[in-house]
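As written, the chain order gives the labels A, B, C, D, E and F, with residue 1 at the start of each chain.
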Amino acid sequence: MKKIIAIIKPFKLDEVKEALGAIGVAGMTVTEVKGFGRQKGHTELYRGSEYVVDFLPKIRIEILAESEKVDAIAETIIKAANTGKIGDGKIIIMPVEDVLRIRTGERGKDAI
Amino acid sequence: MENKIRRVAWTTLILLTAFSFWPSLAAAAEAKLNAGNTAWILTSTALVLFMTIPGLALFYGGLVRSKNVLSVLMQCFSITCLVSILWLAYAYSLAFSSGNAFVGGLSKAFFNGVSFGSMTGDIPETVFAMFQLTFAIITPALIIGAFAERMKFSAMFLFTGIWLTVIYAPVAHWVWGGGWLGSMGALDFAGGTVVHINSGVSALVCAIVLGKRHGFPEQPPSPHNLTMTVTGASMLWVGWFGFNAGSALAADGAAGMAMLVTHMSSAAAALTWMFIEWSKFGKPSALGIVTGAVAGLVGITPASGFVGPIGGLVIGVVTGFVCFNAVGIIKRKFQIDDSLDVFPVHGVGGMVGALLTGVFVSSGLGGVGLAEGVSMGSQVGIQIVSIIATAVYAGAGSFIILKIVDAMVGLRASAEDEQVGLDPSQHNESGYEI
Amino acid sequence: MENKIRRVAWTTLILLTAFSFWPSLAAAAEAKLNAGNTAWILTSTALVLFMTIPGLALFYGGLVRSKNVLSVLMQCFSITCLVSILWLAYAYSLAFSSGNAFVGGLSKAFFNGVSFGSMTGDIPETVFAMFQLTFAIITPALIIGAFAERMKFSAMFLFTGIWLTVIYAPVAHWVWGGGWLGSMGALDFAGGTVVHINSGVSALVCAIVLGKRHGFPEQPPSPHNLTMTVTGASMLWVGWFGFNAGSALAADGAAGMAMLVTHMSSAAAALTWMFIEWSKFGKPSALGIVTGAVAGLVGITPASGFVGPIGGLVIGVVTGFVCFNAVGIIKRKFQIDDSLDVFPVHGVGGMVGALLTGVFVSSGLGGVGLAEGVSMGSQVGIQIVSIIATAVYAGAGSFIILKIVDAMVGLRASAEDEQVGLDPSQHNESGYEI
Amino acid sequence: MENKIRRVAWTTLILLTAFSFWPSLAAAAEAKLNAGNTAWILTSTALVLFMTIPGLALFYGGLVRSKNVLSVLMQCFSITCLVSILWLAYAYSLAFSSGNAFVGGLSKAFFNGVSFGSMTGDIPETVFAMFQLTFAIITPALIIGAFAERMKFSAMFLFTGIWLTVIYAPVAHWVWGGGWLGSMGALDFAGGTVVHINSGVSALVCAIVLGKRHGFPEQPPSPHNLTMTVTGASMLWVGWFGFNAGSALAADGAAGMAMLVTHMSSAAAALTWMFIEWSKFGKPSALGIVTGAVAGLVGITPASGFVGPIGGLVIGVVTGFVCFNAVGIIKRKFQIDDSLDVFPVHGVGGMVGALLTGVFVSSGLGGVGLAEGVSMGSQVGIQIVSIIATAVYAGAGSFIILKIVDAMVGLRASAEDEQVGLDPSQHNESGYEI
Amino acid sequence: MKKIIAIIKPFKLDEVKEALGAIGVAGMTVTEVKGFGRQKGHTELYRGSEYVVDFLPKIRIEILAESEKVDAIAETIIKAANTGKIGDGKIIIMPVEDVLRIRTGERGKDAI
Amino acid sequence: MKKIIAIIKPFKLDEVKEALGAIGVAGMTVTEVKGFGRQKGHTELYRGSEYVVDFLPKIRIEILAESEKVDAIAETIIKAANTGKIGDGKIIIMPVEDVLRIRTGERGKDAI
């Protein structure tokens, strides 16, 4: 059981979602976040001056998956979210000790 | 024809002055009520109140961070209430009752003698007093943009009360209430000096005395909701029709021309600002175009009843250009944290407008024409005197008031209150829970 | 002078009543149209419609949780539409055509006989009918605050239709359409009884019959967007100029004074509320000041054409004070979940205003003066009768209507629908996707 | 009585036409100014400007995704400015000065000869010109809904400038400026052809030429803030009172009836839409009811000064029904990405209204009556000619303009700019930072 | 030391919070998220058409707890957040290496 | 490879960001959250009554870092975010199994 976190560009969400659906990923949890990295923030205008805004809007996707599916998922995300430009984001894979389904109390991979 | 109109404009001005001087007499004369004019001034009053709440409140509110948005709205709203009560109590009397060249008297305190039948010209005096009140409301409300995001509510409230009494009421009297500037022939149709220079210069002094916000100028400004700001600017534009065309105190050709030039100046200044940004940064911004529009509205205010379409156009372009540059100079060169740019837009815009009024009033340029025996040069001279007098009085007065208020309750919110935001720290509230 | 005005005010009242009684006759008389007065009532109509959509919709909408905001907006909007069609079909006729002391007839159903040339006094009857329609719209719209966040849309829609027919139309007829309260001499210039007591008491009954929202009173109220509420309150204030000053049905001194006292009462009540909060909790709140302003507007409504500046001031202070306390009593003492405090603000505020109208109408206190041969005591007595009659009729009637609607479609959304929010559950929509 | 009104209506129409033809003469005649009528048109001008900024801007802005909201607001605002300056420069002259049957001349370029004293009928010409300007502003602003979320700002700006010049000004001249449609007897009280068919058909062409947005039609539409949309719709409704009742150019019975039928048509169309949704999907939606209301306002626009209450009611119901179905046909059947449904609501609604005007103008149906010697059939025929002429001219003209603009600067934002959003990509801004 | 993430239906937040308070859970961090899973998105109306909106609003709760409390917490959440209907959400249990309190610099379980 | 989560007071974000920049932390992902802990919620006024609002606005910062940098990062955050008052927040250190850069597909510490 792993948790995969993907931080992507917002307009790639639909493509990622669809690509994951195609390989049978049934669920995910999505958060709107702000990213800070190598990609330079965009400039904004404010009454005749330009300012650099550091933070960029990003989408954070959290996916629980059985360990053996992790690579396929990561690959799929990379394919769907990649634009080749700086700021495309990261995928993080983390260990999970257990998962429960609130509705049924099921545990482990049955809960996903 | 033009001649007749010019005469009407001057007569109106003189009558207005006269009525303010001898109001009981005016009432006694029982000029016949003109329902059409009254309808338009009733409407204009609604429009000008609409400019402050919600117009200005939204325009300013969108520009601050979300943790301060309610403080801005609350300041606009509470100023509306406070000024109204003071107006009733004594400020209308100080501004518009008979007195000396500097300030009116107290004969109309608590609207003494203002009854159902009192008249000012051919409209009820109640309507005139209400219309003027909406100007007295928006003027101090404009100032709050200078100290947004850091002033204590109590200090803001006290400052407004004193400022209205010792700055606004006298200056309104100088120009419109029979005081020395009006007598001298200064032209200010709808408040270039009384409203915009007055508030703009006071704002500058506030910004300097209060000092910079935490993070200025390193942190980029972060307007939390520009849709709110564009909405507010739109409301200001529409409401300004009441402000300027209502200042004709009639629904006539002067009002029509005032509305027309107001609109054209705003459009011209907005496009000017937009094209400067477009050429300078490659992109025009929504905040830019609306700021330009407001600048254009400010610029035309003193001129609105005196100039023709071309005057409106030129005043718009010039104001847009000058204010654009003024914002940069104040913020980047002098590093003064006039949070929402009140001085460069209202102060500077008002000065440009007041000056150009002296030029475009000329009938050769499409205006109503200079008064008999007055040359353009001497009219511009008078305009300069009125600008300087207002600026100096407002600036020095505001400085003293701020010092007094500081001694009484302290001006600035604590550093922590500022960081947490004025909404929770001053009002125990938060704007959004979405 | 005062005497003349008083006469004018009374004559207007009498004429209005007369015209409502014999409308065909009125039309036949072909009073000369006054364009100024017509312009102002056209404007006032726009202002009062503006009070409901978007004014009240935003005022209320900001106070609910974001999952219910569209339901509030939708209720205000759909009430506007429904009431308009019923007004056209029969409700205008029931309220303002000739009938008996209790209700008008159907002679004007589907605006029968209301043509391009029909007149009511010196304005077109179409304008009078439209102006009155905007009052008929806002009254049931006010009620929705009581059952916000839990009533089914279908039930709300049915309730409104029946309520307008059997409560609003008759009560409007009682007071303004030639009915018994008007004949008795009850003073209600712009709707203290017809609009505010009527809706406020009905709201209380709705809150009780529908029962508490899930989580009341343990969970803190959570207004999702107070900027929306302040915006709405500002629009209500501006729109109220049309409501009260428009009720003069003319652009004259009565309208001017009505606007003045309306404004002053609102400002005074707002500051009263603010200072109570400030002294009690150490901080004044934005929601507090705007709630006070609305209370002050309610309080002055019945009095607006009858009292002078001082009357306006005192009515504002008293209404602000009483409504502040009424909110607490209803919510904390009686634990009634009148979600947006409709009864304590509109019901109680309307009662305070109706009572004080009987006092400040007195010419000694700056009002237009009591009618010939009527003492202050007896006028106050008449006011009390009108308050009680309206409250009892509205309360009992609303109770019966609710029971009928409950039997027909059920009043409350299911617990799950309430928890998920009325926006998704009643309208398949969500307010924000930001 | 009815007869008299009909005569007045026709005379007004003829006078208006006449004045537009011989404006200097009109000014020379120095018709006596009617302050009441002037007050109402000044007010109406404010109301109609309010329809575009902020009304339409909010109505449209709420329907797009949050990354595009400022682009919509900015487009409405910049169109307001651009059209105003072109109006001053030459467009007013092209539309309303003497010329030929197709277009006016340049005798009033830069408002040449429009002075403080110039009159149009009994109102100042400045007021007439400003009132008409607000129509010229909203018409191209309506079009932006068709290409929202994907057009370059520069292209939009150029398109608007050319479109106003070669489409709007001539079509306004055809109908209201003394051109061939008006002479033929086409009835368009407030802009069914000039404003709605004109903009609606142009919008359709824009949608087709620009092509679909990325994701259309698979991705569900995602209005980011429906509270904004409902607010904007409410402002449109209120502002429309100025649009339609102001088109009477007087505060009289025609204005009153225009306001009444406008209101009833809107209410009827809104409820029609709501009930269709309710019966079809089990739930009525807020977006549905407000869209219906706008459709009803569009439908009644050409008819507003000509029909009676029943006409208003029927036109509302029919427009609501037809527009509901038109939306589905355009979007799902033809898969045209007219982003905010401008054609089905304004184009189709305008056509329905223009047609039904020919029917309900009949005095037998409560209207002012057909012109002497004109049968209902021939009037409907004339209406059809005016619909077709406007649609063909606007459609073909818009197509050519789009091609020209495409060649000059390119129409569409790049795929990436579209994906990132027009706010950052076109304006270096973002709407919200909450 | 573990981190428990619970994804629940929004209207259940108050109940969960109270139930956790009752068993002595003193702190938590809450995020508004959008969920995607078996629960079908609701339909939304848009001018006479119905659309399915995939994502559903959910609440994500993050709780740091000593390992021995994890089961009690999970159970409590299940009890409070359960409606028996699809979409009730998940509980995820993850390992944590260390926790620090910013105010004091305390580490480990003292920091919770 | 670790993931550091810091929950801080919102107005401290800029200082923390700068302090981290100074020690070479190039990226982070930020979320607006609501916190619940010992710090008592503030009171809010609502029409003449005071209510306690439990949840406080907080900022959640997520930072991926090589294991050896974790202590320096935690220390830096503590220094920058500390006000000494209750509610300053927590730092959580969690194990990470892998990180990928979407743009390039790089893995591990090259991906940070």
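Rule of thumb we're sticking to: contacts are C-beta pairs under 8 Å (C-beta built on N, C-alpha and C of every residue); 3 or more make two chains touch, one makes a residue touch a chain.
On a predicted model such as this, the values are computed, not experimentally measured, just so you know.
Asker: Using the touch definition from the top, how many steps at minimum link subunit A to subunit C?
Answerer: 2
Asker: Can you tell me which pair among A-D, C-F or D-E shares over half of its residue-numbered contact pairs with B-F?
Answerer: A-D
Asker: Per the definition at the top, count C-beta pairs in contact and tell me whether A-D or C-F has more.
Answerer: Spelling it out, more C-beta pairs touch across C-F than across the other pair.
Asker: Any idea if subunit E and subunit F meet via the same residues, over half in common, or different ones?
Answerer: On the two sides of the subunit F and subunit E interface, the residue numbers are mostly different, under half being shared.
Asker: Which integer distance in Å separates the CA centroid of subunit D from that of subunit F?
Answerer: 52
Asker: Report the inter-centroid distance (CA atoms only) between subunit B and subunit C in whole Å.
Answerer: Result: the chain centres lie 33 Å from each other.
Asker: Could you give the separation in Å between the centres of subunit A and subunit F, each centre being the mean of its C-alpha atoms?
Answerer: For subunit A versus subunit F, the centre distance works out to 18 Å.
Asker: Quick check: what residues of subunit E touch more than one other chain, meaning two or more?
Answerer: Only 31, 44-45, 50, 94-95 qualify.
Asker: What positions in subunit B touch 2 or more of the other chains?
Answerer: 34-37, 39-40, 43, 223, 251, 281, 283, 285, 287, 427-430, 432, 434
Asker: Dump the list of chain pairs that touch, please.
Answerer: A-B, A-D, A-E, A-F, B-C, B-D, B-F, C-D, C-E, C-F, D-E, E-F
Asker: Considering the complex alone, what residue numbers of subunit B touch subunit A?
Answerer: Residue positions touching the partner: 220-221, 223, 276-277, 280-281, 283, 285, 287-288, 291, 324-325, 327-328, 331-332, 341.
Asker: Which residues of subunit B touch subunit C once you look at their complex with the stated criterion?
Answerer: Contact set of subunit B toward subunit C: 27, 33-40, 42-43, 45-46, 49-50, 53-54, 57-58, 61, 69-70, 73-74, 77-78, 80-82, 84-85, 88, 110-111, 114-119, 123-127, 129-130, 133, 153, 228, 251, 426-434.
Asker: Which residues of subunit E touch subunit D in the complex?
Answerer: So the residues of subunit E in touch with subunit D come to 44-53.
Asker: Quick check: in the complex, which residue numbers of subunit B touch subunit F?
Answerer: Counting only subunit B, the residues touching subunit F are 215, 219, 419-420, 424, 427-430.
Asker: Can you check the complex and tell me which residues of subunit F touch subunit B?
Answerer: Subunit F residues touching subunit B: 11, 14, 42-45, 50.
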